[in-house]
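Think of it as A, B, C and D in the order they're written, each chain with its own count starting at 1.
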């Protein structure tokens, strides 16, 4: 049997390669989808895959598609599930789609992922796998064997699986353009403040405050500090800028799809700052009535995406509605960043509905 | 005619005293309701009132009532109208109620307030005045004469009205326990960053980070850093603590009741930090289903209160529902404050619904 | 001054012609928009207008446009405001639009309507008049003179205004393709059962039960009893068929735009039967999740339309969403009609989501 | 092992007795909860149980409790799940509660029900069994053996199980005070009109129209045609009256808890007529704002109850809100019934918010 595995190069998916080969008798093709991972990690993943004796390894650059067709929709929707900007949730459907594409090209029999039976990712992978390739078998070795992280580590050691992480820290990390998530270890105790060591993207390195301007057109950012940027570049730069001021840390209790509460930590400097600017601009250019309706729709959109229902027709219908409100969302927003704090510090828009004449207590009411 | 005026001691209400005396031929009784104003301001108001030749002046301490019966309900409801914690909106109905009480005791014929025809406060005063004393006349001189701020200033100068504010700055200020609002002047241009000078409560004076613990019981804060506190004291201390770290500044575009967009600036250090802690704790102790329903109810509650409908039976019905969710909301929340930034840094609760066993990827799924 | 008046030929608008001429010194152009009125009434209106000495009279056939661009949208939205299928509410914006068009062609200075200051129609006319021709004056003589019906009758008699209605009954009638409304007189007492005499469209003349089939495509009815029909014809026939079985009477307390409760009576045989079939079919072909979301959107749509906000961008955005659900709504619905009763008696659809295999207790659960 | 079975006397639960005895080696105690079943059926159930060799049989009269604590709450909530008045859904939690009570008194080890793995009732029984007696085993033989109706019939014949139903018709029936449901057989084809034979409660036997008056107090009916009645008696009489006019037939596609669409048929003459009257009265006595909020809450309440979450704290919280609106709901409603048609024919209430003065076009607008 030939199986195509969504491969990150991390512990779980590396263990999966071996299990697929030995327990499921599969020829394994690994696919790493680049939705915003570092060059070095992509290279490491490729090398590990080869050491693990895979049939083939693919690295697919999907950053542009991810930014334009997924993240930009999230910006328009002010995407937030209980405060989480949906970084991983947004990327999984695209990753799964690309895996299916390669599986079809390679004539594979099975699709595989490394998700556990407790988390959310299993639903996000399964949804796309089932709808796009109902004829293929889905194999989720970690879930099927009900492996704990400790068992995975033991299995990796026994089988001499190359695996880069320091086993003492044992955080589980996921990264893409829209954010970085950190789970496990000491973080599982909600009474404990997250240690500084978990943060990679939001270490404060800037020495003082900084002001940036974001220009929006049809609801999405198109320029940074006056320079036009493509989606990927703009998001990467906002991650860097907001990140060096420590902006974008999220520490929350999250209700997982299965109804389990989990303590989750994220670093989303770009997401937090861009959505803050977007929301603020909407208040300048949209009528109260439209804001209210959109605010009622946003959590429905976000919950669908969180639950892995990206391809659900309802998500697409809601996007039709959201889209129809964004033509108006145009203008420039200044953000001020300093020591984890981020705030809007001025906005301008040709489509502004604000009228000093109407609002000011210095002007008479026109009769 | 005898009129009782809700009197703050500021420009508008001072002008109103004179107009009520001269244009409306009223004997004026001024009432200053203390919902969290400084001693010196209360004294100043009294002195000004006397200089203006009022019949009587009353100072009423309503802080305890305001904190317990208004602010605490707002905490349970995570009160927010488009991001505004409703500080002034919450206080107006209580102020109006007290004014009516005195008007009845003094056998007055009219109730007066200094609100303009453009803002929100007119609706909040009128609603209570009409429902509590339908037999009395309502006089709102600034609204009826359609006075601009400039005209008020001119009138004050002409009539030698004592009025403390530096006329160059011309901000319009309102303060109470739950927050401070600053309007007017340069702030009316949304493209301009608010100047530091507008902030009184959130000047950064602390030299480094600080951690505080808030203990909640039945949805409201009952202790600060381990010491039990009454509502007023607790809120005042949180204002002081969060304030000295610069936490609680709000700069927003707000949709006023009349449909006008306005640029509004607030300092709400206590409100921002306490509600952040309360919301976070709710995510630890309430089921997803209950969170969702409560999140749907909260903006309805907040909009009613913003619109001056405090005494509307619907607000009371919604509070019955909100109240029923708060028994569960018990526990201790650590907040970390530094340089305008505030974040939850650990929570503990006997009523926590979080289970490490269920959530951890280090534990097997129990079958 | 030249004024163009939306003219029905009834008492109020006939009185308006005279008032416009005499009190407002206008040359009056009358326009009767045919959104489903009988030939004889159109002719009568024309004749009356001429007798009243108007400058010009226009009769505009807008039935097709009304059915296709207004009523069909209402069917897709299962339009209902507290139980009222929005017949008049739907037609007013189109009527107003046509009046504006003629006013522009004729170089008029003013737009006029006969609505009172208590009802809903004033808002519906004004909204379109203001947005489409902000440069023209709006004259609403009945509202401006605060005329009661009695005063209108007196004025009509005095001024020898031709006016067909029996003054003893004094119901106020409005009719179009989508329904007939009856107001006033004895109906203003909600404790009284409406007398048979008010009904024109739903007199029971059929001797026994009848079954009809309605075929839907993309959410709208396209065939009746197996024969393809255009929108106007189909609705007229359903009015006739359902009407002769007495189906479609509505007797309700309605909350008018101004917050006044009114007792309203309608005959909407086509609307009631077609929307019953449409809703029922939706339950066969739409997923629960989509039904729930659509059911949340429908009252928002209906309230907007009721309030005269047909041209509001929000209505258009909601229609984008509703439209996106209707591709699926295809199939044939049998309706059984008899003695005021109407019920679905069988449905078939290629897009049915019903599976006997899945539902039946006679079939095993497939593992 | 000692098992207590919720026993209706029908095919499924009779088969369960035998299976519990033979396959599960249980001593079986049967309990029939009377939530509005005929005397003869209760007697039949008892006789059958004895023939099946049960250890003990109990018949519990829970009609009063059902009417007062369940149905009356449903009336206040205008209970409707997609058009279904929740008759069976309302009764199951009470039935389950009573079964648990007896199981505890009898020192049983297991609780048993006859629900299948496809329908809704399994969730309703299980929810109460688990929360009220977590220590007892739940046995659902039909679900566990994945029995089809045909297999149940075969098993009944083989084992000589007394079973009254004509096997050719093979409808599955459930009855209580609030309605009767009919499933299976030809009804599983949604294109077929339900045959007359399925109806027991709504056979038209009245010769002409009839008017009844229902008096409401605090949101519930307290008198019928001027005579005070207790809850059970009132509902039974409305079932009889509306039933003999054929009122209350419901033929619908319903989304079951598991997401399966099913064709469902109900006879709910009392529910349909009483809720029609209640809703209509609410429109007379509640403000628009309160109606809107209540209409948003009602489907949430109904879905919870449909899903078996009667004991969920959220249902209780929603009832607190609903209850708070009902004090106002007082008055008398006339209903006219004839040939399956039912309509309100007049209302009177001391708490009416209708004002002829305000609404009438015969009265001037007061300035």
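Throughout what follows, a contact is a pair of C-beta atoms (placed from the backbone, for glycine too) under 8 Å apart; a residue touches a chain by one contact, two chains touch by 3 or more.
On a predicted model such as this, the values are computed, not experimentally measured, just so you know.
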If a chain touches subunit A and subunit D alike, it appears here: B, C
Distance between chain centroids, defined by C-alpha means - subunit A, subunit C (Å): 48
Inter-centroid spacing, subunit D versus subunit C (mean Cα positions, whole Å): 37
For subunit A, residues that touch 2 or more chains besides their own: none
Complete list of chain pairs which touch one another: A-B, A-C, B-D, C-D
Subunit B residues touching subunit A - in the complex, by the definition given at the top: 82, 116-119, 146, 148-150, 172, 183-184, 188-193, 246, 249, 251-256, 259-263, 280, 283-284, 288, 291-292, 295, 299, 334, 336, 338-341, 343-348, 352-356, 358-365
Residues on subunit C engaged by subunit A in the complex (per definition of touch): 287, 289-290, 293, 300, 312-314, 316-318, 320-321, 324-325
